[in-house]
Amino acid sequence: MELFLNQLLAGLATGGIYAAIALAIVMIYQAIDHLNFAQGEMAMFSTFIAWQLLQWGVPYWATFFLTIAVSFVGGIAIERIVFKPLKNAPVLSHIVVFIALFSVFNSLAGFIWDYSIKSFPSPFGGLHQVGMIAVTLLLLVGLYVFFQYTRIGLAMRAAAANPESARLVGVRVGWMVALGWGMAAAIGAVAGMMIAPVVFLEPNMMLSILLYGFAGAVVGGLTSPGGAVVGGFSVGILENLAGTYVPYVGSELKLTIALVLIVAVLVVKPSGLFGRRAVVRV
Amino acid sequence: MRRTALLLAALAVALALPLFLKNFTLFQLTLVMVYAVAILGLNLLTGFNGQFSLGHSAFYAIGAYTAAILMDKFDLPYPLTLPAAGAACLVVGFLFGLPALRLEGLYLALATFALAVATPQILKFSAFEDLTGGVQGITILKPDAPFGLPLSQDQWLYYFTLAVSIVMFWAASNLVSSRTGRALMAIRDNPLAARSMGVDTALYKSLAFGVSALYTGVAGALGAIVIQFVAPDSFTFFLAVSFFVGLVVGGVGWIPGALFGGLFILFVPNWAEHISKGLAWAVYGIILILLIYIMPSGAAGFVRAVTAKLQRRAS
Amino acid sequence: MDRRTWLIGTAATMALTAAPAFAAKKYDPGASDTEIKVGNTNPYSGPASAYGLIGKTIDAYFKKVNDDGGVNGRKITFISYDDAYSPPKTVEQVRKLVESDEVLLIFQPLGTPSNTAIQKYLNGKKVPQLFVATGATKWGDPKHFPWTMGWQPNYQSEGRIYAKYILEHLPNGKIGILYQNDDYGKDYVKGLKDGLGDKAKSMIISEQPYEVADPTVDSQIINLKASGADVFFNVTTPKFAAQAIRKAGEIGWKPAHFLNNVSQSVGSVLKPAGLEHAKGIFSSYYLKDATDPQWKDDKGYKDWVAFMDKYFPDGDKTSSFTVYGYSVAQTLVQVLKQCGDELTRANVMKQAANLKNLELPMLLPGIKINTGPNDFFPIEQMQMQRFNGERWEPFGPVMEGAIGS
Amino acid sequence: MTTLLEAKNVAAFYGATKALHGVDLTLEEGSITTLLGANGAGKTTTLRALCGLIRTEGEIRFAGTRIDGRVTEDIVRLGIAHVPEGRGTFVRLTVEENLQLGAMTRRNRAEIAADIERVYEHFPRLKERRKQQAGTLSGGEQQMLAVGRALMLRPRLMLLDEPSFGLAPLVVQELFEILRTVNRESGVSLLLVEQNADLALEAADRAYLIETGRIVMAGSAAELRADEGVRRAYLGY
C-alpha cells in the first residue's frame, strides 16, 4: 500500500511535467490547428535562456518573467518569419518545417551551451513538485479566464475555428495566429523552467517529455486545455503503475505499455476523453 | 513516348554508374535506393490513400530483423529474405491498419509515432533476446556476387538493389493506375463519396497500410543486407521522421518523388555537416525550411511547374 | 604531456622497437612525410550528443600536438564525422573515412552498436579500429578481430570490482540495481553477477531498468527502496545518476551506494544531485576527476587546464569527457610515436599492442597502460574511492578487474 | 443621394484563374441593391472581391476611399459587413459570443451590450438560445444570427450572400422584413445576392445582372423586372 501511494505520488509529480507541456501543446493546437513538434525544443531553448540569465546574476523571479517575455516575442517572431510566408503550403510541408525547427533549436542549444547537464534552481525549494503542479493549475485557470472572458481570447478562438468568418468581423487572423505562437512559447518557457529542476537541463531534455506530453494532450483531447492537464497526469500515473505492477514485462516495457494504452483510448474514443467534435447542423 | 525514352536513359545511366564510381559512392547510392523504396511505401499510404504515418521506422525494423534473423539463425539465402520480410510486414501492417481505421489525421500520426518510439524498446525486450540478439543486435555477412561475376560486393549489391527497386517502383505505378489504386485515391479525396460508390473503405485502408508496410519492410531487409548489421539503435523514431521528411521533400503522391526523398535524407545531412560541424543540424533545418519555402509541395510540385512552363514555351 | 611519461614512453619505444625505428620509411594510405590522417566518428547530434565532447577534445589535443611540432615531424589531420549514434550512419561515415578520405586508422569511434556495425568491415579491410570508445568486453578479442582494440576498463570488470568489495564487506547485503536498458547497462550487471558468483541469485533482490528516453528514474528508485535493498548498484549515465542520487536522498533511502564511474564527476553529477545526498557513495575510477579539489596543485592537472584554456576554451572542464578525450588522444600519440617512420596499418596495431607501463598525466596515480599481442585491454586497473561530501577519497589498493587477459 | 460604393472595371482571381472580367457597380447610400445571376455567374465572387477576400484588379471606392488591395480586416473597419455564403457561423461558440465577435472592431462596451439587446429584439429566438452553441441552431436561426452578427458592426453597408438559401418560405419572409426594417431605420445600405430573383427584386431599389463574370444589365429593380429576358431566365414566368 505504501509502495502504491508512493508510486501514485511520483506518477503525479512526473504527470505534472507532462501536463505542463501538454497544456502548451493544446494551446498552440488551438491557435494553429497543428501539433507543433518543435514545442519541446522551444521550451528547452527558453529554459537555457533563463539559465544564462541566472548565470549572469539576474534574480530568479526577474529571470522567470524576463524569459517568458523573451519567449513570447520569440514565438511571435517565428510565426512571422517562418510560417507566415508558408501559409498556403500543404499541411505536410508545415510538419516538415516543425521538424526543421526542432533540429535548429536542438543544434543551436548544443552549440551554445553544450550537452552536459546543468542543474536549474527551483523557486519552491524542497516542495518543487507541489509548486510545479500549482503553477500548472494556475496557468490553466489563467488560460480559461483569458479565453472565456476577454475579447482577445474570444477573437483567438474565432480565428482558430473559422478564419474567414473571423476576418469578416474584423479579427486580424494573422496576428491571432502569431499571438497563439507567442503564448505557446511563453507557456512552454514556464513548463521548461518548472521541468528543468526535476530532470536537469540539457538540449535533449524535452525529447521524451514532449512525446508523453503529446500522449497526455491526445488522451485528454486536443481541444481541451483542462483535458490536456488531466491527460498529462493520467499518463504519468499510468506509466509508473504499469512499471511497478505489470508483472515481468512491466519494468522493461513501461513506455510501450503506456503507449499501447493511449492508442487503445484513441481507438475507443477517437477525439480523446474530453475532446469535442464540432456539432454542426446544415 | 518521351517518358519511355527518359526512363530508358535513366536506366542506362544507372547501369553504367558502377563503371565510374568508387565503391563507397556506390554504397551510398545503394542506400539511397533502399531509402527510396521505404519512402515509396510511405507515399503509397500517405500520398495515395491520405493516411499519415510517423511510424514507418517500425516496419523498416521488422523487415530488417526478419532478414537478419532468417540469414543468421536459419541460413536462408539473402534474396529469399526479401519476400519473407515483405510478407511479415504486410501482415503486421494490415493488422496495425485495423485499429488505425478509427483514427484520423493527427491522431493517426500520433499513434504511429508512438509505434516508432516503442520499436527500439520492443526489439531490446529480453524475452526475444535469443532471436533478436537483444541490445547487441545481429551481424550478418555481406553477399558476394553470384555465378563468379567479376563484381565487387558493393557493385553487386548496387545491381541487386537496383533490380529490386525497379520492380518495386514498377509495381507501385501499376498499382496506382489500377482499379485498386483509383479506389485508394477516391478514399483519400472523399471518403464519403467513395463509400457511397460501393468501395469497402475499411478493407482498402487496412490494405493500403499493409502494402505500404510491405514496401518499407522490403527496404528494411535490403538495408540490413547492405549495412550487414541490425540493432535497436538503428531504428529510432529519427528514422521515421527522416522517411517523412523524404516523403514531403520528394512530393506527396508522386512516385518518382521517393527517389528525391532518398537522395535528400542521405546526402543533405552530410552537406550540412560539411558546412558546419557544430551546427550541422541547424544548417540542415534551415536548408529544409528554405526548400519548403521554394517548393512548398516538394520536388513534385517543382517538376510539375517546370514541365508546365516548358510545355507552354514549346506550344 | 608530462615529461616523465614522455620519457617512459620513449624508453619503451627504444627498448622494444629499436630495430624498426631505424628502418626505411614505409607508408600505408593516410600517412606521408608530412601528415598522418586519423578518422573518427562521434555522436555530435542526437540523443547521445553529450559524448560529442570527447571528439571535440581529441580534435583540440591534436591541434596542440601539431603546434608543438607534430608526431615525429608529421602533423595529425583529424577527420571526425557525426554518426548521431545510429549504426547505419556509422557504417556510411567510416566507409567514407576509409575509402574517400583515406585515413590511416579509425580512432575512438563511439558506442557499442556503432562499433559492432563497423567491426567486420574494418577487420576485413585491415584498417585499425583503435581504442574504441566503449567499455564492452568484446573489443579485446585479438584472435578473431586483430584490428580492433578497446581502451577504457571494460564495464564487466568494473562490475566485478564492486562485486568483490561487496562480498568482502557486505556479505549479507540485499542488492538493488538500477541500470540503463542497453549493452552498457547489461554489461555492468553481468560483471556484477559474475563477480558475485553463486551468491548473485540470493543477494540481488531487485533489478530496475530504465530507458534513455525516460524523463526521470524516480519511479524506479521508489521501487528499489520498497524492495528493501540496502546495497544500491547504480548503473546510469550522468543525467540519470544525478536524478537517482537526488531522489534516493529525498526519500531517505540510505543504502551502500555503488556508482559506476561513467557518472562519477563531482561537478556535473554529484553537485547537481546535491553533495549532501552524494556523501558516502563508492565508485572506482582510473582518471583524475577535474572537479575534484585534491588535484588543484597536481602537475598533470595544471597542464590539462592550460591545454583546455588555450585549445578548447569553450570545453566543459567539469565533464569527465574532456579528461577522457585528452588521455585517449595522448595514448594514440604514444602509439604513433612508437611507429616511427613505419606508418603502416599493421605497424600501428603492432605498436598499439606494445604499450608497456605507460602512465598518463590524467590517469590516477598507480594506473598504467599495458598491452601485448594477446592483451587488447589497455587499461585494466582501477582505484576504489569513496565520496566524502567534497571530493573522492581513494582507498585500498589499485584493483584489477581481471577479465579477458 | 450620395454614392457609397463604386467599383470600376474590377477583375478577380482564384489563384491564376480569372473569375471576374471587369465588373462595374455603383451603390447609393441607404439603398437596397441586388445582384442577380445564375449559379457560377460570379455573384459570390463579386462580394468576396468587394471585401478583399480574393485578389482583384481595378478600382473599388467606399465612401470616397480606395479599398481595393486592402486587407479584409481593414475594409471591415470602414463599415462593410459581409454575411457570407453558408453564414460563417462560429459553431463551437455560443450565440452571444458570436454576436460579440460581430462587434470586434468596436470599443464601447455599454454600446455593444445595448446593440446585443437590439439584435435580440429583432430576433427574440436568439435571446432564448443565447448560451447555446451556435452549431446547434436551426438553419433559419443561424441565418438570423449571421445577420445579427453583421449588424453588431454598426455597418454602413451589408453584403448578403443568399440569405434565403435553404430556409422555409415563412422564415424567409420574416428575415426580409427585418432586413427592410434595418435598412429603413438605421440607413444601412444592402447589397443582396440572391437565387430567388423575385424576392430580391421586390425588396430592392436597384438591380444588376451578372453573367460569366460580367455585368450584363443594370437598372432599377422595376426595369429589370419588366425585362423580357430577365423574366424568362430568372423569374420563371
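Details
When the chains are written out, they are named A, B, C and D in that same order, and each has its own residue count from 1.
Definition applied: contacts are C-beta pairs under 8 Å (C-beta built on N, C-alpha and C of every residue); 3 or more make two chains touch, one makes a residue touch a chain.
As the structure is a computational prediction, the values presented were derived from the model and not from experiment.
If you take chain A and chain C together, the chains in touch with both are B.
Looking at contacts between chains, the pair that accounts for the most C-beta pairs is A-B. Most remote from chain A, judged by the distance between CA-atom centroids, is D. Averaging C-alpha coordinates per chain places the centre of chain B 37 Å away from that of chain C. In terms of their C-alpha centroids, the spacing between chain A and chain B amounts to 31 Å.
Separation between the centroids of chain A and chain D, computed from CA atoms only, is 42 Å. Our note on geometry: chain C versus chain D, Cα centroid distance of 76 Å, whole angstroms. Touching two or more other chains at once are residues 45, 47, 181, 211, 213 of chain C.
Multi-chain contact residues of chain A (touching two or more other chains): 106-107, 110, 211, 252, 255. Residue positions of chain D with contacts to 2 or more other chains are absent. Shown are all chain pairs that touch, namely A-B, A-C, A-D, B-C.
Against chain C, the residues of chain B that register as touching in their complex are 22-25, 27-28, 31, 117, 121, 124, 134-137, 139, 142, 223, 227-229, 231-234, 236, 238-239, 266, 273, 277-278, 280-281. Residue ranges of chain A in contact with chain B, taken from their complex: 34-35, 82, 85-86, 88-90, 92-93, 95-97, 99-104, 106-108, 110-111, 211, 214-215, 218, 222, 249, 252-253, 255-256, 259-260, 262-263, 266-267, 270-271.
Of all the residues in chain C, the ones that touch chain B in their complex are 44-47, 80-82, 84-88, 91-92, 95-96, 98-100, 111-114, 116-117, 119-121, 181-183, 186, 211, 213. By the touch criterion given at the top, residues 151, 154-155, 157-158, 161-162, 164-173, 276, 278-282 of chain A touch chain D in their complex. Within the complex, the chain B residues that touch chain A are 46, 99, 102-104, 106-107, 109-111, 113-115, 117-118, 121-122, 124-127, 241, 244-245, 247-249, 252, 278-286, 288-289, 292-293, 296-298.
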